[in-house]
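Note that the chains are named A, B, C and D in the order they appear, and that numbering of residues resets to 1 at the start of each chain.
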Amino acid sequence: MIRFNSDYTEGCHPAILERLSETNMEQTAGYGEDEYCAKAAALIKEACKAPGADVHFLVGGTQTNVTVISAALRHYQGVITATTGHINVHETGALEACGHKCLTIETPDGKLTAEQIAAYVDAHFADESFEHTVQPKMVYISNPTEVGTIYQKAELAAISRACREKGLYLFMDGARLGYGLACRENDLTLADVAEFTDVFYIGGTKVGALFGEAVVITNEELKADFRYNIKQRGGMLAKGRLLGIQFLTLFEENRYFDISAHAARLAEKLKDELTKMGIAFYVDSPSNQQFPILPDAVLAELKEKYTYAYQARVDESHSAVRFCTCWATKEENVDALLADIASLL
Amino acid sequence: MIRFNSDYTEGCHPAILERLSETNMEQTAGYGEDEYCAKAAALIKEACKAPGADVHFLVGGTQTNVTVISAALRHYQGVITATTGHINVHETGALEACGHKCLTIETPDGKLTAEQIAAYVDAHFADESFEHTVQPKMVYISNPTEVGTIYQKAELAAISRACREKGLYLFMDGARLGYGLACRENDLTLADVAEFTDVFYIGGTKVGALFGEAVVITNEELKADFRYNIKQRGGMLAKGRLLGIQFLTLFEENRYFDISAHAARLAEKLKDELTKMGIAFYVDSPSNQQFPILPDAVLAELKEKYTYAYQARVDESHSAVRFCTCWATKEENVDALLADIASLL
Amino acid sequence: MIRFNSDYTEGCHPAILERLSETNMEQTAGYGEDEYCAKAAALIKEACKAPGADVHFLVGGTQTNVTVISAALRHYQGVITATTGHINVHETGALEACGHKCLTIETPDGKLTAEQIAAYVDAHFADESFEHTVQPKMVYISNPTEVGTIYQKAELAAISRACREKGLYLFMDGARLGYGLACRENDLTLADVAEFTDVFYIGGTKVGALFGEAVVITNEELKADFRYNIKQRGGMLAKGRLLGIQFLTLFEENRYFDISAHAARLAEKLKDELTKMGIAFYVDSPSNQQFPILPDAVLAELKEKYTYAYQARVDESHSAVRFCTCWATKEENVDALLADIASLL
Amino acid sequence: MIRFNSDYTEGCHPAILERLSETNMEQTAGYGEDEYCAKAAALIKEACKAPGADVHFLVGGTQTNVTVISAALRHYQGVITATTGHINVHETGALEACGHKCLTIETPDGKLTAEQIAAYVDAHFADESFEHTVQPKMVYISNPTEVGTIYQKAELAAISRACREKGLYLFMDGARLGYGLACRENDLTLADVAEFTDVFYIGGTKVGALFGEAVVITNEELKADFRYNIKQRGGMLAKGRLLGIQFLTLFEENRYFDISAHAARLAEKLKDELTKMGIAFYVDSPSNQQFPILPDAVLAELKEKYTYAYQARVDESHSAVRFCTCWATKEENVDALLADIASLL
């Protein structure tokens, strides 16, 4: 089987395993208070041009989302998210289990707009009995979104302004951030992300690491006591250096960006070639997740050789599916997939 | 610095890193639904003589404790624990953050007794207004305990009977289970643990793995829908195979037990030699955590070369501290420590 | 000011105050374990033709909703509700604060259908990674709904069948149940409601009481330990007899139904007369909440003399508003309102 | 039966029922935004000499405790309480159900001291891994305590200073505050309580009202958005005026203090006379709860005619029980009880 169903099908960049092996028998302090974490944090702050930021390393995405969001909110406050947001759909109510409501906004493409956010907050406070509804206090966006779309710099800047005017925190889920920044439509830098948000994370699990997400906090209000929250939400890894070593390796020698670029190029190849074949897409994604609409008969054939994720039924004989590329994707596999689709059509 | 402060100062057993490297570029399904997890689970069930058990792999101890306990309880139910229990003291209220109260019982040595448990439950239901207090529904014990003590087979059997008579689930936190089973006072087997408890976990983080805890569920009532709970509490690792590969490696070739025996032997050497020097202990621990009472002046000197964990002040000039051995401890370091203490006394 | 904005603007049926005065200096047991609660429960079970039901009295609607729902659900389970459901909109996230997600379904009129519910559950379990989403386990409906619509017997029976087939509990919020059962389009009885649901409540706060909601539980699974939940959610009134006395008074001499009929008749008069004036309605409500669409200029004039609740802007010069009748509404006030609207149009 | 088991066995002060009857058919705004609540709040602020305070009315004690405490705390923070504190023992884990841990301190008499509080906080921050334990942020005391003891002005002032030095909020549960302020050992005023605490409540349920607790917030940090918390925790009464009318009636004509004095006088009579009979007490309570130690044989006889609350077994043939007086207690009943005990001894 050749797997395209997700971007976490392989292990990690080989340099990480080498570094883990080299350092394996070293003794270090636990819980992220070792020198590898310190060095990795320093590299990340440099990459973000955010020397004053706090950087924390957590294990996985759901854990990171609930830790960041619940740390920021009081009990009666909620987080604005696209209805399709990961926190609203695919985390088994982890955020609600921490007591907080997802305040959902419908979007055509997984992206919130500054206007939607401002309107939501205005409507909340315009309601005579606003205390009977959850107070919006944070905005959650992901970049790329669940459907692969990305924010342009102007869009993110506008959202940032809206959040600051309305007194909301802006949090970006960057589980696939590398893939977003590497795609050809992108005009954002890591420094822009750090500037426009109050807190965001740089995904490792899907971008070259065995696991790990690096949280970057720039807003002073969100820095205080953050480690209590990590511990309470089960995210404080005993051997925290495992996270430090991984992010250190990824942020040395431009690895994080290079491997992201690899995935982006292959996704673009996939998109371009499928487009040439006349295939339509469920959503116009510029990043490493592609959602072509294919005949069910073709999909049934492909299933013998490839894995993909089912997305949605489009009509009686067509479905949208998801193919992902990642840091580990082999170009020959993309070529084989394209050839097979071409021959099946 | 030579670190004795905890049993998670090194990486992992080298065989694990080898296996991770060998399998690194394989593509597998995510979230623990790969063949490595299946094989590891099979080995663990065999080792537990519990073919009908469910085995799940989680990342760390706090996460595992809250996932297991909150999965078992209704909102108004709580868990009985020694006051010194990890869940009551060292998890930043993670369990309370899931809505459940720790129902604490004072113990001299970190161990609950069947009598204490039965009396607690009887007192609850004897209270006219019992609905005004949290209903006890689970018992949490750790073996070894936080202070290194272990349960004898007869003690565990009695607790198990008490729990079944009173309608409570029995959960054993086995973060250091290997070290408990390997020490010379122990008369329990893994199969006994599986028989006497409803759910327990086999610690990997402290016993040879990079990270990971293997939850073994034998009670049918606790099996249903457990994976929802793992996901909700942030414990479902995307690359779940990392856990499968680690436990597979640990449970092949008797590794888990061999490396535990190594740590146990060195702890016993430490204990025996310190005893010969006339040193008293804060608690009589048979396992890999030793709590000698040392003169503050000696501790101040030791601090230049070794790390240890501070436990408690004993008198004006003496403190109890903790030294841990683990799978990775070098005998030469134990010898050096013993020699230094001897010369400092 | 003449208030039509809600149905809780007055105190209570005078017979209740008389009874409270008569019994005021009696000494009784607390927490609902007095004879008045017992008698009221007996009358309610009789009215519901549900001799085996458990009846509990709570103070208010939000409290009742969270107590019932959180008592029924495990941590990873959620409740299906119309997007407009009270629990999803107007309880400041009280249910999420107990850890549970509202699983929302869009409706044109606030009413769920059996088909929607079955489809939701089927889609959940058809998803390969269903454990990544909240498991549906209960359905919440209100009758009348937030917009005054009511369930016909055939509709409720179908929902009930769907819930039982899919393994869901059915819970009806009956904050305004009296007004629903009393309106001319209704073909349900209290006994039908008891038969088709697993748990429901009979609203007192809006139907003649000072406060109070009577929870009726017919499903054995939901009966166990319910009083723990009441206490934990803050709903166990010390002087529980206040609730017993109120419901006893309401369910004697057919009062609950008679006063509901009064409100229903006045609402129908309001609806019929406004319709004759050519006024359209935001939603076709048969019950005590009416949502006419009126010119903003007319509303501005009315505001000097009457209160109403703002519902929604309809076009540049028209808005939908809500007028409520209740057990205490004076017919002369309805007549005055109708006359004023007629003259302003 | 003559009930002495609790102080909520009767209804309410007759003046309250009169006022409820007089105002019954008035139409008012809901949710505490009516003029009766405003007037009652004004009277309470005057009585507290705290013109800048915010006053909110809730229904019951458990609800009030969880609302106040959870509003003040972040997720990872807990509340220091005596082990015997109501929130730790008799609220079915309501606070834990909101996510917060009770940080318990053992006391001989239910009263915390400034020294204990300071030491607790110092120990927390002195711990190297303090982030692994719940951060103390609030102190909960009740006055009178669960066992009837009261704080002297100097004690409360010292606690207040300790809290301010250590950055903790001080919250007083005043469910029985009137009875505490009225007893002969008391040297506190309502104004002192307002000055020394950050938030406290004046109990109505046990002191003359049908139900109701008046929360007084003096610390600006705790004022913001408090009504969201009331709504979320299920404490926002639809007909909020019921609370306003009751507290208005209690704080007019010195009623709250006069009826408290009545209860205090009868409790003192009970205590003095029992003491003269040579009866010892389980705890030396100066307030309306008295805990005599009586022979089991005497208690068995008394049970035929009186109710009391069981407190604890003292020796093989003696138990401590609780007798409460309240605003409604008849002196003739106290006299009868004393006579019966005297004759039974």
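The rule is simple: contacts are C-beta pairs under 8 Å (C-beta built on N, C-alpha and C of every residue); 3 or more make two chains touch, one makes a residue touch a chain.
Note that the coordinates shown come from a computational prediction; the quantities given were computed from them, not determined experimentally.
*Asks:* Could you check which of A-C, A-D or A-B has the same interface as B-D, with more than half of the contact pairs identical by residue number?
*Replies:* A-C
*Asks:* Copies subunit C and subunit D touch; is their interface built from the same residue numbers (over half shared) or different ones?
*Replies:* Same residues, largely: of all residue numbers at this interface, over half are found in both copies.
*Asks:* Farthest chain from subunit D, going by the mean of C-alpha atoms per chain?
*Replies:* Result for max centroid distance from subunit D is chain A.
*Asks:* Please compute the C-alpha centroid of subunit C, do the same for subunit D, then give the distance between them in whole Å.
*Replies:* Distance between chain centres: 34 Å.
*Asks:* Quick check: how many Å separate the C-alpha centres of subunit A and subunit C?
*Replies:* 41
*Asks:* Centre to centre, by mean C-alpha position, how many angstrom separate subunit B and subunit C?
*Replies:* For subunit B versus subunit C, the centre distance works out to 50 Å.
*Asks:* Quick check: what residues of subunit C touch more than one other chain, meaning two or more?
*Replies:* Within subunit C, residues 75-76, 91-93, 97-99, 129, 131-132, 228, 231-232, 236 contact more than one other chain.
*Asks:* Taking the touch rule as given, give the residues of subunit D at its contact with subunit B in the complex, in rising order.
*Replies:* Touching subunit B from subunit D are residues 75-76, 78, 89-93, 96-102, 128-129, 131-134, 310.
*Asks:* Considering only the defined contacts, which subunit A positions touch subunit B in the complex?
*Replies:* Residues in contact with subunit B: 1-3, 6, 8-12, 14, 17, 20-21, 23-30, 59-63, 66-67, 91-94, 97-98, 205-206, 210-211, 228, 231-239, 242, 328.
*Asks:* Of all residues in subunit D, which touch subunit A in the complex?
*Replies:* By the definition above, subunit D touches subunit A via 31, 70-71, 74-76, 98-99, 129, 131-132, 135, 225, 227-232, 236.
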